[in-house]
Amino acid sequence: GTTSENSGQGNAGAQESECGGPDGKYTIGMSQANVAEPYRQRMDDDIKAAAAEVPQFSVEFADAQQDNAKQVSDVENFLTKQIDLLIISPNEATPLTSVVAKAYNKGIPVIVLDRKVDGDAYTTWIGADNVEIGRTAGEYVASTLLPDGGKVGEIRGLAGSTPAKERGDGFRAGIEGKDIEIVQSVDGDWLREKGQSQADALFKAHPDIQVLYAHNDPMAEGAYLAAKAAGIEKNMKFIGIDGLPIPSGGLKAVEQGRLSATLIYPTGGREAVDTAKKLLVDCQAVPKEQTLETELITVDNAATVYNEANS
Amino acid sequence: MDNAVSPLVEMIGISKSYGGVRACRDIHLTVRAGEVHALLGENGAGKSTLMKILSGDVTDHDGTVSINGEPVRFTAPADAQRAGVAMIHQELDLVPALSVAENIFLGREVRTRLRTVDRRRMNQVTRGLLERCGVALDPRRPVGELRTGEQQLVTIAKALSLSAKVLIMDEPTSALSSAEVEQMFTVISELRRSGVGIVYISHRMDEIGRIADRATVLRNGAVVAGFDARELTAEAAAEAMVGRPVQTMFRTRDVDPGEEILRVTDLVLTPRRERSGRREPDGISLTVRRGEIVGVGGLLGSGRTELLETLYGAGPAGTLRGEILFRGKPFHPRGARHSVRAGMALVPEDRRVAGLSLEHSVTANTVLSIVDRIGTAGFVPRAREHGAVRRIVSELKVKLGSIGDAVGTLSGGNQQKVVFGRMLLTEPVLLLLDEPTRGVDVGAKAEIYQLLGEAAQQGIGVLLASSELAELVGVCDRVVVLSGGRSVRELDTRQAGEADLLAASMGEGGAALAVDVPGGEA
Amino acid sequence: MSTLFRFQSLFGLVAVFVVAVVFSPRHNGELLFLDADNLANVVRAMSEIGIMAVGMTFVILVGGIDLSVGAVLGLAAVGSAVLMVNDDFGVAATVVIVLLIGLFFGFLQGLASALFGIQAFIVTLAGMQIARGIARIWSGGQGVAIAYGEGPGEAPVAFSLLGERTFNGIVPIPALIFVVVAVVAIVFLRTSAFARHVYAIGGNEKAARLSGVPVTRVKITVFCICGFLAALAGIVHAGQLNQGSPNDGFGYELDAIAAVVIGGTSLMGGRGSVVGTVAGALLLGVLNNFLGLHGVDPNVQLLVKGLVIVVAAGLQRLRPSV
Amino acid sequence: MSTLFRFQSLFGLVAVFVVAVVFSPRHNGELLFLDADNLANVVRAMSEIGIMAVGMTFVILVGGIDLSVGAVLGLAAVGSAVLMVNDDFGVAATVVIVLLIGLFFGFLQGLASALFGIQAFIVTLAGMQIARGIARIWSGGQGVAIAYGEGPGEAPVAFSLLGERTFNGIVPIPALIFVVVAVVAIVFLRTSAFARHVYAIGGNEKAARLSGVPVTRVKITVFCICGFLAALAGIVHAGQLNQGSPNDGFGYELDAIAAVVIGGTSLMGGRGSVVGTVAGALLLGVLNNFLGLHGVDPNVQLLVKGLVIVVAAGLQRLRPSV
């Protein structure tokens, strides 16, 4: 974990490629871990939209379907085609490290999005901090929703996945020292329907829950549906994470009052294209790490943020 | 000889039940070295079950089996084979995708020194075995490409290859025509001379007198009689089996045939894709009138089955030339459903493969062809359905516990009657029968012939393909003889006998007579 | 004997149910498992799988299999959402169109399998990918949210009924739909001539054909039924979750097949019943609920479910064979 | 005729290959598809599926199916990582233990299916869940990273060979392993008595039993072979990706089955060959590569692959039937 290495310079030593400048045409390969997660589909969409504004860029997408091995092949195919820049949102770190290094060592700039790879054989990493997001959520619950303490139910992401761990740990740090009890945690596998059926059982066992914290918006929405079916949705508040600016996303859910709050987990898609532009067109250096800020969304700012993101 | 002291095989007090059915009850049976012991009995009498016990296929039985005086208890067919007992099964049990040689040596492959399969040696030995059975087949051909009769010969060769001391033959000739049967009898005589004990099961009574030394008759799972086979007449054997004198096997009747319902002229089928093992119609002409039973004769592979399948629309896709007039109108076979609706009905050659869903009830199988017609709005009224089944079951004298029983638990002959009954329920005007009495006991045969007569009486036309000369001569009014997919001759059974039929099938004078049948190449 | 067989297919369900009752967690002395709400939840949670499994039963009875139902559910969910939200169709029109899509998809698969003789496993494996691909393209890859109201971009409120409960707020509508589908299928399979053809084809296809059964037509029809019911499940899914996502229903086909097989229907065709399938689906539902109520570790849940499926299928073997 | 049939199973592969060459994208006039590195990548990418598909061929030849191979691959990958990294086993010991685990898992499934007569589909569907469950529990739910070195917590460097290429850095080791496995299987299936028994059981199980073929033993053995090869694929997987994760190999079983079926092996058993399976796997590999090189939209790729699978399976139907 290198977190403080904002070196300011792209690792120019290993970088043999020359910046082509504004006259070139550039093919960017975007290797996505999977598009079944709305967040990642939105990442692709953001990249597509941002790249459309850069006339020198054309982007090709590959979908690894949650399979590390397929993602390795996808990157290999990009290398065969001799792309000019690789954007990768890795399925997992270790399995993709060597193929990313291979690309990087061939002189292809590599932008790693969201999940990292091991070592430092890449040009830049862009992503958000899940622990930070979890902590923000916890602090919001402690300060605003339950200033006098209370009971919280948690619906976690897929057991064993890193974001689930970090979003859980961060939340606990955020409510540290307050009189807030997490009465039960269940696994929702990131899925809306799983969130719903798990919440069915959760509310059965703990009808007195005051806040429901879900590791993503779809599970929070599922829990809301379960509460509504049980007729107790007015007795509690729902918080999710992701805040995707799409019609089925968390921003709309907050705006329409189903969720009390969500925290933006930025996709980094636009930032990745901006970075690519700096590297290929503007011939500028980029920092090794670019951490994206989260934003707390409540009914006050939900509509504004949604419209901004889709303008 | 020591077989006077202890017989080759001694089965004592053998009993075996399937659920409520007692297939064998306290049976005693001995087989001596160098004898052919015929096992007779109606369908379902327990012959196959008894022999499956001897060959280690059925193992949960009561009673003891001794080989050469040694009590044995087989747990698998392989055990029995090691002890020198081989069985030719009633249902041809071969693997279609494997070659003839691979089938013969299945489970006992010849290996090279590298432990790999020694194909050359296996093919060589197989060639010899097949020669002994009087058939020239390439040992490398997949068995699935062979005709039923050829497959039966392969199973015989397979049994020979075991060099067994005891050889059980369960209806080995049911798919063979007379020439192959003769060859097989030669083989059996050889085996007998070399001291092999043979158990021979057949429903063809004429065979018993010719080759058997002794005969044991089973009825309802129990031994009811033992004979010296040389003194056994077909009538006496039949009576012992059925328990009462069997009425005249063949009908004696004189019907005035009515209008013509089928006229086939110069039928030729060119299949879209060649399928090996088939002999498609290649110039067939014949007619069938109401109330008439027309036989289709010919040697193994002369194209009888293919003719019936083509008429019924159940053969392979292809171009038809020539003309079919059915009930006076041109008929274009479009598939079984279409033919059934038009008034045709086919009783296929192999009831297990093409006739019945063995796990399903007698009811479900019997009404299958009319199930979408007996009700309204696509629903099946139970009462009417059961009524129809009960009526046909009692008309055909099907022996069963209840009509809800799985059809697979019936004996072969009764299964055949169920297929027959299903087709009768469709009220056809033309019945196409393909070897309808194969594996059927004398009693049931007589009943089926009677049914045929009654059907004809009611104005149905029948086209009957058979390998049994006696059946063709005894049951049919006329017989059309096929050879190589062509109709080569037509005989009137009032004048011609079995010998004429055989001669015509073998093609003696066939070339000359082919002129009788117009067309052919045209 | 056939009574015994039917009884056996319910045996596993009863056993699991009893275990769930006996070991139910308590709350203020009440058995949580037997709570009316909880039981309603069990049925609601299984209703989509159950509806699909009923259709699957038909396909399996003719000796086929349909791996595409999960993807068709996703496609139908997407279709429901897109048609109502983006294209402003009414509920009735949407439902009809989506059901027809499912039916047509089943039809194409039936055609490929019955007419061209390609094995159903492979046809529907491909169909699964194709349905997912279409759903992804149609939805733009994202779940389409269903908001209710009168305006453009909003779905008619009537559709939200699918997320509601009736009879004093106890019986979930999806559960009711499941029950109706099951009852219709049970009656149909017991009394119709079509059902006889289905069983006959599964029992011996060649014999059925020679007996005049329209084999190809029946086979195509069962695939149509299966596609239709998968689409119905997809509509229910969209209504329950207020969203249609192209990823919905992932892996559901295996649950549906498991329900059918646990219910005693043979994958070789020719034997089985919808009653068994319903029992199989409920067994899986009770099992899920039981493991969930106890908060069993999800990994252990996988193990337990695997074992229960094998044991349940093994019990079926005890039925009398011919 | 059997030559023709063998030719036909390669026909699809040749067709797809020719299309891939003709429509290959170019770079400086070179055909990118025919680039040695690219061809090596194609084989490398298919090597795991290929190895599993060889084992699957045996199971399918006896009329069975094994849905658990993907999960067993994951279990084996986890096992390799955990044993070397956490438990400090050497490469040889690890490989042997993991292969034995795969073999034993196959053995248990074979036992349940052959001895107790539970349908292979359902046994291995359950086996799939069980293997995943075990893998999750064993790994703690997380992928276990494999770092190389001499210290504790590091895997022996020898294992990293699996990620390397040989013969001037051209031929990937996994591809080599795949070729060896395929050649051994082809020779074995052509020459051994065991293979005759496998075909016989698939073609007519009753006939095989009556001929004295040890049916139960052969059936259990093919499941052992399949489990063994799935574990081998898992080891290769771990070596290629430097990690063993319990989620690895998800859905691979369907690719493996598709490779077998495209290769002309009948799911009914009794007919088919490993040559065909290899051709089927390569066809899928070339197809993936072709679609990837052209940057075809991933959703459209789903559609195209589905269609190609159906067409390829349909082509197999043209072979002469017996």
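Chains here go by letter, A, B, C and D, matching the order in which they are written, and residues are numbered from 1 within each.
Note that in this section a contact is a pair of C-beta atoms (placed from the backbone, for glycine too) under 8 Å apart; a residue touches a chain by one contact, two chains touch by 3 or more.
Since we're looking at a predicted model, the values are computed, not measured.
Enter the minimum step count from chain A to chain B; a value of 1 means the two chains touch.
So the least number of steps between the two chains is 2.
Averaging only over C-alpha atoms, locate the centres of chain C and chain D and give their separation in whole Å.
30
Roughly how many whole angstrom separate the Cα centroids of chain B and chain C?
45
Scan chain D for residues touching two or more other chains and write them down.
136, 141, 301
Residues touching two or more other chains, restricted to chain A: which are they?
35, 159
For chain B, write out the residues touching at least two other chains, lowest number first.
Where chain B is concerned, no single residue meets two or more other chains.
Name the touching chain pairs, please: which are they?
Pairs of chains that touch one another: A-C, A-D, B-C, B-D, C-D.
Quick one: in the complex, what on chain A touches chain D?
Per the touch definition, chain A meets chain D at residues 35, 60-63, 65-69, 72-74, 76-77, 80-82, 92-95, 97-98, 118, 159-160.
Considering the complex alone, what residue numbers of chain B touch chain D?
That would be residues 57, 76-78, 81, 87, 89, 93-98, 102-103, 106-109, 111, 114-117, 142, 144-145, 273-277 of chain B.
If you look only at chain A, which of its residues touch chain C in the complex?
Going by the criterion above, the answer is residues 35-36, 38, 41-42, 44-45, 159, 184, 186-187, 192-193, 196-198, 200-201, 204-205, 218, 221-222, 225, 228-231, 246-249, 252, 256.
Which bits of chain B are touching chain C when the two form their complex?
19, 312, 314, 335-337, 339-341, 346, 348, 353-360, 364, 367-369, 371-372, 375, 378-380, 404, 406, 408-409, 422, 426
Within the complex, which stretch of chain D touches chain C?
Against chain C, the touching part of chain D is residues 112, 116-119, 121-123, 125-130, 132-134, 136-137, 141, 254, 257-258, 261, 266-267, 299-303, 305-307, 309-310, 313-314, 317.
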